[in-house]
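For reference, chains read A, B, C and D in written order, and residue numbers begin at 1 within each chain.
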Amino acid sequence: MTLDTVKHATESPEAAQPWKELGLKEDEYARIREILGRRPTGAELAMYSVMWSEHCSYKSSKVHLKQFGEKVPENDAMLVGIGENAGVVDVGQGYAVTFKVESHNHPSYIEPYQGAATGVGGIVRDILAMGARPVAVVDPLRFGAADHPDTKRVLPGVVAGIGGYGNCLGLPNIGGEVVFDSCYQGNPLVNAGCIGVMKHEDIHLAKASGAGNKVILYGARTGGDGIGGVSVLASETFESTGPAKRPAVQVGDPFQEKLLIECTLEIFKEKLVDGIQDLGGAGLSCATSELASAGSGGMRVELDTVPLRDATLSPEEILMSESQERMCAIVEPDKVDRFMEICEKWDVIATVIGEVTDGERLEIFWHGEQIVDVPPRTVAHEGPVYHRPYARPSWQDALQADDAAKLPRPATAEELKDQVLKVVASPNQASKAWITDQYDRFVQGNTILAQPEDAGMVRVDEDTNLGVAMATDGNGRYAKLDPYAGAQLALAESYRNVAASGAKPLAISNCLNFGSPEDPDVMWQFAEATRGLADGCLALGTPVTGGNVSLYNQTGETAIHPTPVVAVLGVIDDVTRRTPIAFKEEGQLLYLLGETGEEFGGSAWSGVVHDHLGGLPPKVDLERERLLAEILISASRDGMIDAAHDLSDGGLVQAVVESCLRGDKGARLVVPDGLDAFTFLLSESAGRAVVSVPRSEELRFTDMCGARGLPVTRIGVVDGDAVEVQGHFALSLSELRTAHTETIPGLFA
Amino acid sequence: MTARIGVVTFPGTLDDRDTQRAVRVAGAEAVPLWHRDKDLKQVDAVVLPGGFSYGDYLRAGAISRFSPVMESVIDQAKAGMPVLGICNGFQVLTETHLLPGAMLRNNHLHFICRDQKLRVESDRTAWTADYEAGQEISIPLKNIDGRYVADERTLDMLEAEGRVAFRYLDVNPNGSLRDIAGITNEAGNVVGLMPHPEHAVEPLIGTGRTDGLGFFTSILKKLVDAR
Amino acid sequence: MARVVVDVMLKPEILDPQGQAVQRALPRLGFQGISDVRQGKRFELEVDGPVDDAALARIHEMAETFLANTVIEDFVVKVEATENAVGADK
Amino acid sequence: MARVVVDVMLKPEILDPQGQAVQRALPRLGFQGISDVRQGKRFELEVDGPVDDAALARIHEMAETFLANTVIEDFVVKVEATENAVGADK
């Protein structure tokens, strides 16, 4: 096998190259030749092709994501914005929090356990790379129909993978979502989020500066994982000698990752690194080019020094390998020894693979010969940008005209009761405890709230009781009906969930799951959703700190529902003031905050009872969301409420049932004047929450709502062992508990 | 001077910092112990905390058992030093044969995290003196290899000698034989259990109960009284 | 009744964290000279009827679709010569 | 270099829920006639030197003290006849 060196490439300008097979477009290949002033070497071609892929370069989404940086709300909390491994916000008392959500959709369909496991591993390394100790994970998940046979393959594997990896790392899982919809049948969405905590001065960035500083690769050995595209390279340009087909699947080793976390935190503590980057998609190609691109100067790497698991790997493959559990650090020469000692202490393999140079190029050598010589920015940050055509789909009007208002409503109290029970027991509304009980929510000893609470909450400081909360939400049905409003509803729901727990929403991350950007319909959904989210964040004062885009989520021509998932991070000064969802005290009064209209488009009721999706999603009123959040936070701080639960899919009755089951207490509800029982129970109007108020606080609480202009309606009392809607029906707690808790185990256990 | 309680960290241990906190909450001094060191730093008692030491690869606890620190812990335990193994720590103790039996994959094959009700069957161990025999407590349980098994003879012996220290109540979460959640050695100084008392020492955190604090106050009292 | 064994091992190119952990522990336990360890699964199936070609073909299919995850694992099907069977053969 | 295999299975009297789960799933997948399934572990050890009696004794000890937990598991040590070895034997 002849090595395709820079010299060789210069001398053989006409050699045919498999740029097309590697997913590059003709003009992209031409641009690479233009940048380099020659044809790329095989290694360079491999690097450009992965770094310019949709996944790494965001080439289709970039022009829309720009808005998140342009429409930034006034917010003093923001410390590090979009562009780094994860954003960072100030949560007070000298603490900073970093958080992010990422997708691992496609790998999880092929190999559910490992796909989901390595998804957790990847997001945790992102958080670690910012300088933070990871303190919690969340997992928004979407699967095909609950009763589809393939869901029985995918869901248990994904859940076991998330648990298997996260539990072994010692990260409490404090929230997420489980949604079923046949649109995700061939394309489940496995998103994973992580929160990390550090002191302000510990923030680290991914940059390589200071000529002479060492580049250290540490963690797992490099194997042939996840280098699908490169096998093309190996077979087409070179005579293939090594194993012909490399696995596209990566296998995770959570034990190795746990060591990597502890080792890295100890290294941070001794201030031994200048810049640091995790290895994720595109492996070393990504880490070296991004570090060099973000820093000053160039970088020189001796690829032979990389510790291998498989000695037959070609240099291209080493550059591309997505072997898990690896990090890359920039270390001053006199700190290298100490760095190595700490790695040895934790049984972590560490190797100096190169150094920062005072040049401007990323140069990579193999057996003494140069195989890469590129300006790093052109690889990492100056990839192609597409302005993909988009247009409102021809079917959008018809979909919106198919109003859910015309669906037959329950005619009798008995029918209403049956439909309520059906909604509560439907896979989407049913308890997810069978799933979430496979996750450790207690580890680290700081968990204040976890599933099934509205938001997860962890204590950050044992002495002051400072804490942070996070919720993740998305509703593909709403977004399908109106992507702009759907994105805002996802944001609003997540924001409301955080506020309901008593925390003040600070900032957001997101994971935008969409179909093919080459489809103008999908691109329109994407454009609308990002515009909605950016406008929404501006209105709510919660900046976007980062996120992730997952495109090409489709089966054949059929795209998934547009599914923007939003994670809102909040802060609470005193976790002892947190608000749980459980109704626990008999005699407490139940109040509905916000206004209820007849809003059934995209609702759980329309889906469960009528298998219908049409009309418009609930109206968005972000000013109202803001006010509601303020009231919920003040009420929690001043001890005016003992429980709060936000209202979302399934409407009021769903929330009341969950709060009753959680507290093991019943509720007597009265349908307020001006509302019919059906609308009262099942409408999904946004901007609402239900709270449980001690009688001694009633006046103070309603006065506060009145003074600030938030509609508040007394709807009942915590009492008995049934959910009773006076004059209509009663459902015993035991009947509700059976309906709510037996669905998921019935399907998957 | 208060008691010094060592908390061992193996590679992959997860609950070491929580256990140190629990020791402190009870009023004792927590002394971190590292798996590579034979030196127990003159501690008065040792806790082997939960987690996935060595990833639980091979079998839970199988690799940790051979660490240098365990050589000392085994010697000292045989000489009467109080040792508590929680979850992975319990698994290590069975692998060392300081405690009889073995831990296997849960009968339902899933990891399970729940608030678990237990009965404290014995208040005669070093770690349970602050409870009363028969007392019911709830503390978190979280594991995938939590099914306690031993042959019939061993089980009968444990029962006869009053060495079943904790039993699951309401639900047997993993198929453990005779609902056994934890056991003790003959002398009562070595105790192992699957559920996690260290996650139940502060109100608000986790399940919001403090039912696990008794483990740490028991040992503290015993050690201080012994002085 | 006969016993058929299906051995399932991770493909050679796939990371085997368990095997690696075992191998790394061996020197510490005083066992030298083992250069690699891979850990896999062994299934022992008790087959009711005769283990003829048809039965083996079915078991092969079962291994391929169910016992092994061929995305990451290889498998081998073997008929176990039970003590008796061996005796009878001779 | 030679390969030695250590098979570790749960003792017959110990409940094997993994094996049972496999067995229960088989009829649903259309596989009949398997009356029992047990799932165990298979270790493939690559031995550096010759696999003589001394080496096998060491591996036996390794299996007994480490690879298997004899409270619950039985084990068998086998020298794997590689293709070559078989040829050579004949």
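Remarks
By definition in this document, a residue touches a chain if its C-beta (ideal position, glycine included) is under 8 Å from a C-beta of that chain, and two chains touch if they have at least 3 such contacts.
The shown structure was predicted, so the numbers you read here are calculated from the model rather than taken from an experiment.
The chain with its Cα centre farthest from the Cα centre of chain A is D. Remark: among chain pairs B-C and A-B, A-B carries the greater number of C-beta contacts. Averaged C-alpha coordinates give centres for chain A and chain B that are 36 Å from one another. Separating the CA-averaged centres of chain A and chain D is a span of 42 Å. Per-chain Cα centroids separate chain B from chain D by 32 Å.
Residue positions of chain B touching 2 or more other chains: 54-55, 57-58, 66, 108. Shown for chain A are the residues that touch two or more other chains, namely 253, 255-256, 347.
Chain D has residues 66-67 in contact with two or more other chains.
Interface of chain A with chain C (complex): residues 110-111, 114, 220, 223-225, 243, 246-247, 249-251, 253, 255-256, 309-310, 323-324, 347.
Those residues of chain D whose C-beta lies close enough to touch chain B in the complex are 10, 13-15, 17-18, 21, 66-67, 69, 71-72.
Of all the residues in chain B, the ones that touch chain A in their complex are 11-12, 14-15, 17-18, 21-22, 51-52, 54-57, 108, 110-114, 140, 142, 144, 196, 198-199, 202, 204-207. Residues 1, 7-9, 19, 22, 25-26, 29, 31, 33-49, 55, 58, 62, 65-67 of chain C touch chain D in their complex.
Taken in their complex, chain A has these residues touching chain B: 160, 163-164, 167-170, 253-256, 258-259, 346-347, 436-448, 459, 462, 575-576, 578, 749.
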